[in-house]
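This report refers to the structure that appears directly beneath it.
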Amino acid sequence: MTEVKINCDRCKGCGLCIVVCPKKNLKMSNDLNQFGNPYAVCISEDECIACCLCTKMCPDWAITIKDDKTVNKKQNV
Amino acid sequence: MTTYTVPEILNEARTHYCAGCGHGILHRLVAEVIDEMGQRESAIGVAPVGCAVIAYEYLNFDMSEAAHGRAPAVATGIKRSLPDRLVFTYQGDGDLLAIGCTELVHAANRGENITIFFANNNVYGMTGGQMAPTTLDGQKTLTTPYGRDPKDVGHPIDAIKLLQNFDNVVYLARGILTSPKEIMKTKRYIRQALEIQQQGKGFSMVEVISQCPTYWRMTPVNALKHIEETVINQFPTGIFKEL
Amino acid sequence: MEYDIMIAGSGGQGILACGKIFAYAGMNEDLQVTYYPSYGAEVRGGTTRCAVRYSDGVIGSPIVDAADALIVFNEPSLRKYLSYLKPNGVLICNESLVHKLPENATYKIYTIPATEIARELGSEKVCNMVMSGFMLQLLPAVTKQGFLNAMDDVFTDIKPALKQLNQSALEKGMAYASS
Amino acid sequence: MAKKVLLCGNEAIAEAAIQSGCRYYYGYPITPQNEISAYMAYRMPQVDGTFIQAESELAAINMVYGTSATGKRVMTSSSSPGISLKQEGISYLAGSELPAVIINVMRAGPGLGNITPSQADYFQATRGGGHGDYRTIVLAPASVQESADLTKRAFVLADRYRMPVMMLLDGMQGQMREPVVIDELKETESFDKSWALTGCKGRKPNIARSLYLDVDALPDLNERLQKQYADIAKRETDVELYKTDDADLIIVAYGTPARMCRTIIDKFRKQGVKLGLLRPITLWPFPYDVLEKTADHAQEYLVVEWSAGQLIEDVRLALGKSKPIHFHGVIGGRLMKISEIETKLDSIIANMGARI
Amino acid sequence: MTTYTVPEILNEARTHYCAGCGHGILHRLVAEVIDEMGQRESAIGVAPVGCAVIAYEYLNFDMSEAAHGRAPAVATGIKRSLPDRLVFTYQGDGDLLAIGCTELVHAANRGENITIFFANNNVYGMTGGQMAPTTLDGQKTLTTPYGRDPKDVGHPIDAIKLLQNFDNVVYLARGILTSPKEIMKTKRYIRQALEIQQQGKGFSMVEVISQCPTYWRMTPVNALKHIEETVINQFPTGIFKEL
Amino acid sequence: MAKKVLLCGNEAIAEAAIQSGCRYYYGYPITPQNEISAYMAYRMPQVDGTFIQAESELAAINMVYGTSATGKRVMTSSSSPGISLKQEGISYLAGSELPAVIINVMRAGPGLGNITPSQADYFQATRGGGHGDYRTIVLAPASVQESADLTKRAFVLADRYRMPVMMLLDGMQGQMREPVVIDELKETESFDKSWALTGCKGRKPNIARSLYLDVDALPDLNERLQKQYADIAKRETDVELYKTDDADLIIVAYGTPARMCRTIIDKFRKQGVKLGLLRPITLWPFPYDVLEKTADHAQEYLVVEWSAGQLIEDVRLALGKSKPIHFHGVIGGRLMKISEIETKLDSIIANMGARI
Amino acid sequence: MTEVKINCDRCKGCGLCIVVCPKKNLKMSNDLNQFGNPYAVCISEDECIACCLCTKMCPDWAITIKDDKTVNKKQNV
Amino acid sequence: MEYDIMIAGSGGQGILACGKIFAYAGMNEDLQVTYYPSYGAEVRGGTTRCAVRYSDGVIGSPIVDAADALIVFNEPSLRKYLSYLKPNGVLICNESLVHKLPENATYKIYTIPATEIARELGSEKVCNMVMSGFMLQLLPAVTKQGFLNAMDDVFTDIKPALKQLNQSALEKGMAYASS
């Protein structure tokens, strides 16, 4: 399973991650964060393929992706 | 990589940049590369006067400010004192090419063994959107309200062309931040430049077209389109020098 | 007699324009008036604000540190600038973005879902005019017509449709205040 | 008469320059004076004037030198760090006897500091931050209207004395908006510009210069300058006196702090305190004599400024050690509240009472 | 011409230049050309800070000084005010390429309709023979007592290469003063540049390798040989741009 | 002990810097201080140091900033117009709390002026020609030996207070040769350099900065600076008193004029005139207190300086209006003759006699 | 006839004219001018061919050449 | 007791080196000494000069305006600097280049054909040492050996042949003075 964590207070709602997600798996929130801007949310963690294109794009290092397989691999080393 | 965690080298602080600003991406790339090179403890950066003036709030290693445009001189002073540290400047287009043009040209000509990360956003961000040396022909800014008139104030200045002829300049590249692919390419340029510095080869610069949605008066997404459709015609990407 | 208004919100919410219009409106009523914005890097990313001071005499300082009215467009500005409101001052909050109102306070607190009203009118951008309308209703010194004239002074190059929209937003705000 | 409009100090200065016949403006962006160049960029083409966003403050002040040398009215503006960069150029203008108007909308230092308002460049402006024995006339407005009016005066003084004239404002004055009316400058004086570089048709060549290698030439220039400075001190010193006639306690302040103090005085007067304000309008020449004369009746003085104590030196020079001179300042761009000044006054007055 | 009389445009004053100095020849050429063009009364020159600082003592028309390196900015201020006058700067290599590099690059990029006469003598003459940006590799000067080390301070800077890429730069040439023939060629460059300015075409520069026998520590005759044998390898002559 | 050699002031300063452990020098040529960079170009490679002829004074002062930020001793030098160009950088050094030694060998201004000796940058040096509320310690030697000695002190003070220290000499001092002995600086103090940028191994990152955007941060920095300046005024003020103890008439002068006056005093003493000399060695902090105290017995004062009257303001600030303060100055680099000073003294003394 | 006038007080004795004269018709003086330098002198005006190479070369505009033929021509115009 | 020497000539004549040697010689005799040159643009093309002051006490000023001795290498310098010589001072002229001596003067005037002597020795360059030799003979404060030592202090990187030539020139000058 993949964990898609978007720090809603770091996120400024620029929408760049949404544009690049190959699974169209990110969208803008309806409500606003404490700074008054909408923020990106993951539609379904199940759909995420952990390609990390969104993290590469994000100007605010608001997104972290944890992929079980990777984590396990690392632990095996 | 199928996992992404923010590198330790980036601080927690929420940046003061506008939504979608290229500075954030470029900061991250510089941080990731230095992290991956294991050089956090030997890195010394020089921040510009420009939107990135407080880059040191985000980059978690030793850094210096520099008076507007003088970052290459400050970096020279640092590098000459500590030749084995990884010394770079991070500068905007006003800082680097307007007020700081002399310091740039001479640091380059001397072949100071430093790296310049040049965030070219075609505008003065920090001061509210005035014309930069790199502002495109016809582009409207606060100080070109009728559009930049190349007959009056000239065409955009190309930093890479300016430096290309200097023998002691060993690496020149220009990247963009319009897609994960381009971002990864830009990241490789950054890595190459810093490695060249580690090898003591001389002066290197990576220019990055950095979107300024605010003063381009575009959404972040449109700003990226604008780069791909327009800006790169003036400022093409690639490696322009590698010795 | 002096009357001080502080207006605060985030970068794109039209805070400064809003303040300028109040200032112009005061000027057109032949009041002494000063307008003082936050400027520079403070604007970048964060909150922005401006202060308008009306007076019937010479104004000493444009600095407002105990406003008669504070108009806040979102929650961070409320937190940041509440201390600039005098104890019995008027606080107008954009209820759409301000969820936690000050507790045990002596302020006269008003709320209005300005962003939603603006969105209903067709553009969140006119949220500032909705908020202005509300304030205007509480401010006897400036007439509606005076305010409309001031809008023309500030929005010089504006399309008729947007002008109409702004006016509607203003009226919605006024109406909400009266209701 | 021109229409009443709501402008910030920066815009008012820019428009006043244009109304003074200034058709050349060279500047480099810096907060908090960017509205000047933005305004000029928009306005100059409308009046067939020239606006150049220079590549730096150095370039700007030297473009000013070039245009001034041709006899035209010309202006530049900046804020503290940028003004530091112009010091060499200002010294050159002074040495070359060239008129120019230079605006400094001060922000807090030292170094990059902050963009918050400050008055910490008083020494630099009044003593000449550049090298050599020169002075610039320094004008200090206290309202947007006065910013416009003094800008016009600056151009006249620059032409009258063939020297750089500086306007010194704190950042707040640049940014705040007030109603203002800006009429065209009524020229009441004609200025000899036969020294200007225009091509030497029908006359000997003119040279714009500050280098004098002959053993007596540079001393001679300096003597001419010093004589002129003495003359200016006699003729052009300007000061606003507000209720100082019978004041026991006099505040000395300029710019925004001065207008803050003005309202305080009204308040204290109502309470029977004989408080007055002396506001220098020309910081150089400083109104030493006027200030000294108030010591006939005033008992004590309070200097209020947004710096660590610069204006206060001129006050001390004027008064010597005869009267207590108190000081209230803020540094590093901290905002001063009216209430602080009042508290300071209260304590001075309490002590004065005790002593009397 | 089988007769030579000193043009009226040159003053009587004996120059302060050292024996054999190139500045004297270059002054004369500029004067002769302006004379021949009949433009004495419309010429406005800007003198540098350098050995030629008091050029106005010899050239008999309106002139201005400029702070060290800022002549292109001063010339800009003059030309913008008087577009129909013939405005030129006369600058040394330190003035033009070291401290004044930014002003040069930006005046060139704007395409200011001015002409720069650049007396390149590979050294700082006025201040006693220090290294200039144009000092040759290995050349000994007061501040390179062990010879210019290009690894430490870079190779000589080529002003023409620096400006060549700017679209608004319309004329670039380099001449030498080593023989009557070369002098006449250089004179033609000067004339072409000024004519181009008269036509309103934009920025022009004529670089002239100007011998400094004093700080090259050579006789005047040997200084000319040095130019022909060595200097022109670094700084070749010819017209490099003509639009 | 090192050998006695005949050096000019410029060379003595350069060698003293090296003897103080300074291994980084960045400078740009300008008369009359070129011997410093020539000397450094030759000497630095011998001691594994770095000499760069910077592309401009601006570049030089900012290279100084960089090297200073790494904790190393570093120096730059220039003369008046070049020092004007360094003002922004000096303000940055002050704001960033970075040590550095800056030499100004003054020439006559304003503008390009001339290369003749002058003291007309006193205001600039002591009041901060740059922007903001900062000070630099200013040391004024009066002989080649003292130029060397004070250079060493300058490096110590710079490190002790983490601030730029300026040496102020007139061009004559830079050029004249005298016998001088320059020993290695004996370090008696160790300086905490944990703030230096060296790479953040084993510690939190260090930042060299002068920008403080938080509302209280810049005021806090400024308060720290002001407190330190007050401290320096208490500890580091230095002055030479020559026969002032019983003097009726005291000359105040620094640099070459001071040493000229010294010989005059000996001559006048022989004639029974009670003449003394107060020579400030630190121009900032200025010895106000010492000077004020002499007013206990001294009747009158004469200020002798090579400017239109700059030092005299500090003398006035010290003395108030209680005693006559005479002035003898030359401007524009005119050479002052000993006989002129004597004539001036004669007329003062004649008048004093008349009055007594 | 040609008149070769060398202003001995302007001349600094650089010798450049001597080198370029195709007729080897210029030489350095034995004595010094008031500024203490030797100066160029014409060996024989008769030998001069009025080519003006020397004037082109002189950094001190110390030489003037007057050629009768030219002068006459000019007068004839 | 003070003794002032001024030396003047044109750029290439070795004036400054000459002055430095006199200064060094004085220093080596443990006199107080200052040396002050003309500097900068003044050098270019024109005349150059320097002043050496000897004293047995602290020296106030290095400025010499009434020299005890003036050594001039050519005529322009004589004209320019004669006023710096005190009425009864010593004037040494390089007769090879100075043709018009001051008339009706109170100076003690000496002449020596220094350039010619130097030329005979093989190089006009050592004219300055010839002149120095002459001066040295009139200057009891400095011994010949002291002066030779001072020459070593100033000419540090010199070839033996040139050193010899300099010494011969000095001696010729001394001899001429004695004759």
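Descriptive notes on the structure:
Chains here go by letter, A, B, C, D, E, F, G and H, matching the order in which they are written, and residues are numbered from 1 within each.
As a working rule, contacts are C-beta pairs under 8 Å (C-beta built on N, C-alpha and C of every residue); 3 or more make two chains touch, one makes a residue touch a chain.
Values in this document were obtained by computation on a predicted structure and should not be read as measured data.
Path length between chain E and chain G in the chain contact graph, taken as the least number of steps between touching chains: 1. If you compare E-F with A-B, the chain pair joined by more contacting C-beta pairs is A-B.
One simple way to say how far apart two chains are is to compare their mean CA positions; for chain D and chain F this gives 29 Å. Note: centroid distance chain B to chain G, computed from Cα atoms, is 60 Å.
Remark: chain A and chain H have CA centroids separated by 86 Å (rounded to whole angstrom). Centre-to-centre separation between chain F and chain G, using Cα means, comes to 54 Å. Counting only residues that touch two or more partner chains, chain E has 15, 17-18, 53, 65, 67, 98-99, 101-102, 105-106, 110, 126-128, 133, 153. Chain G has residues 12, 37 in contact with two or more other chains.
Across the assembly, chain C contributes residues 40-42, 45 that each touch 2 or more other chains. Interface residues of chain A, counted against chain C in their complex, comprise 12, 32, 34-37. On the side of chain B, the complex with chain E involves touching residues 98-102, 105-106, 109-111, 133, 150-155, 157-158, 161-162, 165-168.
For chain H in complex with chain F, the residues that touch the partner chain are 20, 23-24, 27, 32-37, 39-42, 58-63, 65, 153. Considering their complex, residues 9-10, 13, 45, 73-76, 97 of chain C touch chain A.
By the touch rule above, chain B contacts chain D in their complex via residues 49, 53, 65, 67-69, 94, 98-99, 101, 124, 126-128, 130-131, 133, 142-146, 153.
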